[in-house]
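Next come two complexes, and both contain chain A; in the first it sits with chain B, in the second with chain C.
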Partner chain A sequence: MRGLDLSLPVWALATLLLLALIGLPIGWLVALSVTGEHGLTLAHYVDAFRSVALRRALWNTVVMAFWVGVLSVAIGAPLAWLTARTDLPGRRLLRALVMASFVTPPFLGAVAWVMLAGPNAGVLNKLWRSLTGREAALLDIFTMPGLIFVVAIYTFPYVYVMIGNTLELVASDLEEAAAVLGAGRLTTARTITLPLVAPAIVSGFIVSVLQALALFGSPAILALPAGFHTLTTQVWGMFQYPPRIETAAAVSLPLLVATALLLMLQRRLLGRRGYAVVGGKGGTRRRLALRAWRYPALLGCFVVMACAVLLPYGVLARTAFSRAWAQPLTWDNLTLRNWTFTFFEYSATRSAIVNTLELGLLTASVGAGLAALLAYVARRRTIVGHQLVGFVALAPIAIPGVVLAVALFIAYTRPPLILYGTLWILFVAYVTKEMPVGYAQCDATFRTIPAELEEAGRILGARPLRVLGEITAPLARSGIIAAWCFIFIGVIRELSASIILFTASTKVMSVVIFDLKEEGQFGAIAVLGLFMIVMTFGVVLLMERVLGRDFLGVRE
Partner chain B sequence: MKRLLAGALLASLAAAVPAAAQDARLEAARKEGKVVWYTSLALSTAEKVAKLFEAKFAGVKVEVQRTGSQRILQRVMQELGANIKNVDVIHTSDAGHYVLLKDKKLLMAYTPAGAERFPPGFKDRDGFHYGLRATVNVIAYNTKAVSASDAPKTWKDLLAPRWKGKLVTAHPGYSGVIATHVLALSHLLGWDFFKALGQQSVMIVQSAVDPAGVVASGERPVAVDGGDYTFYQSKKAGNPVEVVYPKEGVPLVVSPTAIAAFAPHPNAAKLFTDFTFSREVQQVLADTEGLYTGHPDVTYPSDKPKLSELKLLTVDPAELEKRGEEIKRRFVEFFGA
Partner chain C sequence: MKADVRLVGLGKRYGAVGAVEGFSLDVAAGELVSLLGPSGCGKTTTLRLVAGFITPDDGEIWVGDRRLSSRDAVVPPERRRMAMIFQSYALWPHLTVAQNVAYGLRFKSDVPRSDRDRRVAEMLRVVQLAGLEHRYPGELSGGQQQRVAVARALVVEPDILLLDEPLSNLDANLREEMRFEIRRLHEAFGITTLYVTHDQAEAMVISDRVAVLERGRLAQVGRAEDLFRRPRSRFVAEFIGKTNIIDAVATGPDTVARAALRLRVDAKDLTAGAPVLVSVRPHEIELSTGPVPRTPDNAFAGVVRRASYVGTAVDYQVTLAGTDVTLRVTAPVTVRLAAGDTVAVRLDPAACVALPPAP
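The block that comes next holds the complex of A and B.
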């Protein structure tokens, strides 16, 4: 044995995790979905899918998810190429804005867009009317296209990161070779660059589709007012009294299967193509001069970022200081009332902030630690069956938040372990949900640390623990901290599982914001939303200080 | 000042509860430290009542858990299902809930001080729950978008083609006020009314408080339901909102309150419940919030109609309980969500 023998403890840990996080909940989910009053039955499935409303919701979900995927790629891919490969001005700022879009909880963006593009009171529509003198609205956010748009502007960062990372790894030699051989710019892009990043584009598309499938907040805020459902809002509705948990389970399982199938498709598509050229960091990457296209391209980027970040935060900031959000911002309308109400009168605020921070810090620390451990043993192959470790850690990606919540609710509202009513059930949900992200990040980190360095340490006589502490840990530190940030952000913006798992004493900020939305309290939402973002950025910036680079992983 | 207020309160309660018993209860409530109040009262109103209580009874906190009536029932039952005993005082606007909760023996029999003088519609004959406040469902419109002469005057006016795309409704799957409203109007006008209303591209919000906000913002110029007190407050705050009390009758919603049989803070719960039924709080509900109450001594603002001047449509709580599912199902069928 060369290193530490971690086989037994790691396997015990992984098995336990697998059981607690996935095995038990999904087991219950399956069991409940086929159990009737008199033994086994498929009645719940028949009930669920015979309902016209549910079939309609299913179709809406498919339509939404597909177009979100398309739109996310259409936004994310050009943006990634422009920042990674061209001399576009303001690339740094653009990256910061993409990060801001990533950090923004989709439901907060949806609330902001209600105020921006509600057909009558929406700020943009009012502006349009006063400019053109027309009666009709320019935008109606309470429609399927409106919903797709709002979901996509907070989903495209996934595509951006995936394609950006790939482009960072593709050397320019091939493109230059093509150019030398006389290919025009378009031909080069079509025959060289595009095929090289195609797998990343497909991955980005699938990840965006999965994100959209699992989303609860945005459809609840934008689709319900217009009189249509998605699967997630339907499942959530089944928890109303009298609850139909079995039907919820029956709806959840096909969603789980669909997700798993999409992921398998992704693997197949990627598995067939291994590009040596996308493997190394060698070679130079030259930036393409945009010339006359510089400013049109910049304008395009600006429009996207205005939609995703500038306009929403602008309207939230305005609302936070207004008596009535839809009225002009005159002296009369200015107030600090929303702030005093939210922080000094609304009794849910404080405990929600404390709960959210506790869960965020705890999940990020435990999650990043676990992810690092699992990724390390899998990558260094120090234990028997290391391939399975990666599978365990990545498996939860196939479980949409709502499905996970339904499963956890069923599993942990009954003996032996009643976690419902405590923060622990949310902790379990968050760790499960964020594990794949943390694992992928840590795995990528250990991949870049050559094992030779550790071996050198050992040859020089250092004990395994000392090697870990003095060689591996310092090298992996920034990667693990990045994983920590990803998990933290994921926890803060989580709603679709929380909305099913919270109790009165375990509300988190996202749930409180959703509560406020149901009562139409835009002022308090704006205050809490802004506070939430500042809090998230505060923590992330603090971490970046330690890191010395921006956490989307792009070095300047 | 605080002592003065406390003194006044004790004096007002002296008639109902012996002072010594009251002191002992306050002491016990302080030991419990807080009361957990699941309430469907509009958020700002609920927080106001809580702050009044905390100012009066230092050492006893009120934990306000404000959400829609149906969500409250869901919370209570879901938490009980996992054996979680969190709630002390349950206050929703769906009288049917109290039929169900009483039936399941989840309520404590408790008559708030002074509540025996309330009119019959505010009292459970077995003494398990009492009406804390009442409101009526109305039509409301934005005066900047709709002139008084154009505004709908009756429920049926809402079906005119010119209101298509201009209406907003709250949801019976969230709000007890609206569940009551839908049942009452279905008796008066039949389900065909809602079927036709569903064809009007109505914007759907959740809380019965929200239509007031939507109309005030101008997102939709006309609200087809919502508690009149929410529009009254909005108007008082300077918003261009006007209320219409349709002549066919307005659904009356009496919102009961009860202490949970399993309340973890029973003394604080009793203290708080007595407080909310006191003349002082009931008068606040009437004055600043625009609610109606069952308290015989409460006076009402002059710029609101008296309950006695309105044609009231009432529903039977037992029917509301029995047909709750059907009401929500039909609503979703007609309106889409």
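The block that comes next holds the complex of A and C.
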């Protein structure tokens, strides 16, 4: 929009942000990783990668991430196809459950699975023993396969969304065109449908791997007791006494580079999938009748959703109302004690709830506002170099939470800005981490508001600010509220950056849940976890109402 | 207030590509001029320059004695006293029909608040939308949305009205109806109007004058009939209506030749030996079954290659005997010939327009 020259202020702001959120921290990260007592050195890298422990952790991370990717695709792809293309009964419920798994904080799922499948006290193991009379445990969650399983059941929704969205775009007439030419059902699936969906599958795999690489909570809860490390837990360990910050920096950088490379690979794949987004309209979709396969398919879905949502939520709810979570649920064992303890008596949980809510509200409001401003100027090309704005806003996607935390820790424990020890450093971490999500949402919003709607206002006599207030803002409102919700949900569940940046007075809920796990306070964990889940669902519902569409972004 | 528009040497580049180059055009007060051309010819860019959405790299835009645009200073759109009808209509989906139409009146200091409702109601009646005031744009048909866009632009009584392909989203029948409607409204209100379209029939029906654009430059401007009968380039001849083009060489001030074919054309100052293009409209070629007359100019023997009955006329392809020239001829249905028939073909010299060869 001409006449409203935002170039200077926006660029000043964007540059400042870039510096404060990414430039300064990553700059320090690089600097510290190559600085020794006597100037430049590569000693930290040599130290880090010569250590057997770290090499093992690296290998564990690769193994875990790879299998999480495989398992996520194995779960997510069939589920997406079943909901998008077949007459599977209960598709709406299935989608709702996938959404629940999507928004469940992974570390909460990991804690729940400790209660379900811990080798000694795990509920499922006790059930097994009482049913079979055997001594040995059926399941041991404190193993590599256990870890992979628990991570994958909260990662597969990424694959589900990507494949679901692509299947929505592949109209049945493409498949029918093949059928008319004489291709059988299997041939059509192999030669038409699968190649069209293939980029989504590969890119879903990569995104799952990235999620697994960056995850801290689940490995910390499941791998550490089992006696093995991943990269993220190693980096976290370097912040325990005695701190080895330089080594942490030297480990963080390769992780950052690996993430960025994988992400670029995924972008390339998606960038070339132009052919998959074929046909604007007229794409009706037939549903395949499953016939005899209906019930086996339904059972499969049920098992997955039981593992991801029903069992964990069940055990959390049960624990929240029990005196002793491992004991059978009898009248004697029922109590509200955990709730009063968590909300009123235990000061750590109380202040964590307050901190989390404060940070959530503040980050969501500032983040959504900023994202909206940046997305607007980038999309309307109102300023010189608008392409860079989008790049900067989306860049933090490539920074794993732990790496971001290490970088922020280094940058803000020294002048000019000493933020460490305050909530502000968490705020900076959260705004950075959530900016890509908020930006993408706002950008999608402004994409649906043609510039002509604003120009029509201008030519009829309205000044730029008035057009912004009377035309753009009302039209963008629901999209920006949705961005707010996305950010809020992201903040209240954040653990991997918080775990490095918190101090005694700035604990947040996720960190406290992690602490309580160390102390074995499962009752309070369950209460906090349920509170977190209820709050998340509340915000999700608000957002679906405002947007008038499904959280996962696929039409029914 | 009626105002004239003067575009003086306008230029606008996007990167190395010149969207508009050296474009000059005068539009008289109360005149309706179409900017006609294929997509990518710069017509929409020109309109957006006039609206003030973009800044010219060269040239100036004047309305009356106000200089609105130059490369140094651009009066913002909201102070140009213009109105625009967009291809997409650009109706605000969160406002009702009445609110959409009333929007521009708020910025007109000479329209008292109490007068707005009356004016909106009056304008909605003019565009036959009375009774739909409280609908939202999403609840209207395409044609109704188009009328809202028209009402919203006219109610502010702009000095200049800009239309950007306003009919291209309508179905064929409605489009023809709306052509006359827009012409009727123009005659009723007399607002100086620039009308962008790629549809030559639409431009010819609606406009006082048509400006044909070719690759960012003004190819020719004039009344529809002048453009049709006296095109000055191959581009204009082919873009306005259908035509036959014969690639020939001048043999005298008013004669050309292509191999054995000798033609007298409507020109007086051709230089012998210079390449010339001759344009002949298909419906200006006469076919007859008798022997080829000896005396009149431009009479030849020909063979019918193909005949296509199209209802109001018959389309023939006729090859002139002893030449490689095949002409498209539109003849009345009273003359019925079949492929293979021998015919006499006559090209009226007055209908043979000599054009400079394409650069």
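Criterion: the second predicted complex is superposed on the first by the 500 of 556 C-alpha atoms of A that agree within 3 Å, B and C clash if a C-alpha of one lies under 4 Å from a C-alpha of the other, contacts with A are read in each partner's own complex, and residues count from 1 in each chain.
Methods note: contacts are C-beta pairs under 8 Å (C-beta built on N, C-alpha and C of every residue); 3 or more make two chains touch, one makes a residue touch a chain.
Just so it is clear, the structure is predicted and the values come from calculations on it, not from any experiment.
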Which of chain B and chain C A:Thr330 touches, first, second, both or neither:
neither
For A:Ser347 in the superposed arrangement: first (chain B), second (chain C), both or neither?
first
Determine, under the contact definition given at the top, whether A:Gln387 touches first (chain B), second (chain C), both, or neither.
neither
Contact-wise, after the overlay, does A:Ser130 reach chain B, chain C, both or neither (first, second, both, neither)?
neither
Mind telling me which of the two, chain B or chain C, contacts the most residues of chain A?
B
Which chain A residues qualify as touching chain C in the complex?
2-3, 450, 452-453, 455-464, 471, 474-475
Considering only the defined contacts, which chain B positions touch chain A in the complex?
36, 38, 42-44, 47, 50-51, 62-68, 70-71, 73-75, 77-79, 81-84, 86-87, 173-174, 202-207, 209-210, 212-214, 216-221, 237-239, 325, 328, 332-333, 335-337
Using the touch definition up top, name the residues of chain C that touch chain A in the complex.
51-55, 74, 76-80, 82-84, 86-88, 90-94, 103-104, 106-108, 152-153, 156, 162
So, in the complex, the side of chain A touching chain B is made of residues 53, 118-122, 142, 223-229, 233, 237, 239-243, 323-326, 341, 345-348, 413-414, 418, 420-421, 503-505, 515-516, 518-522, 524
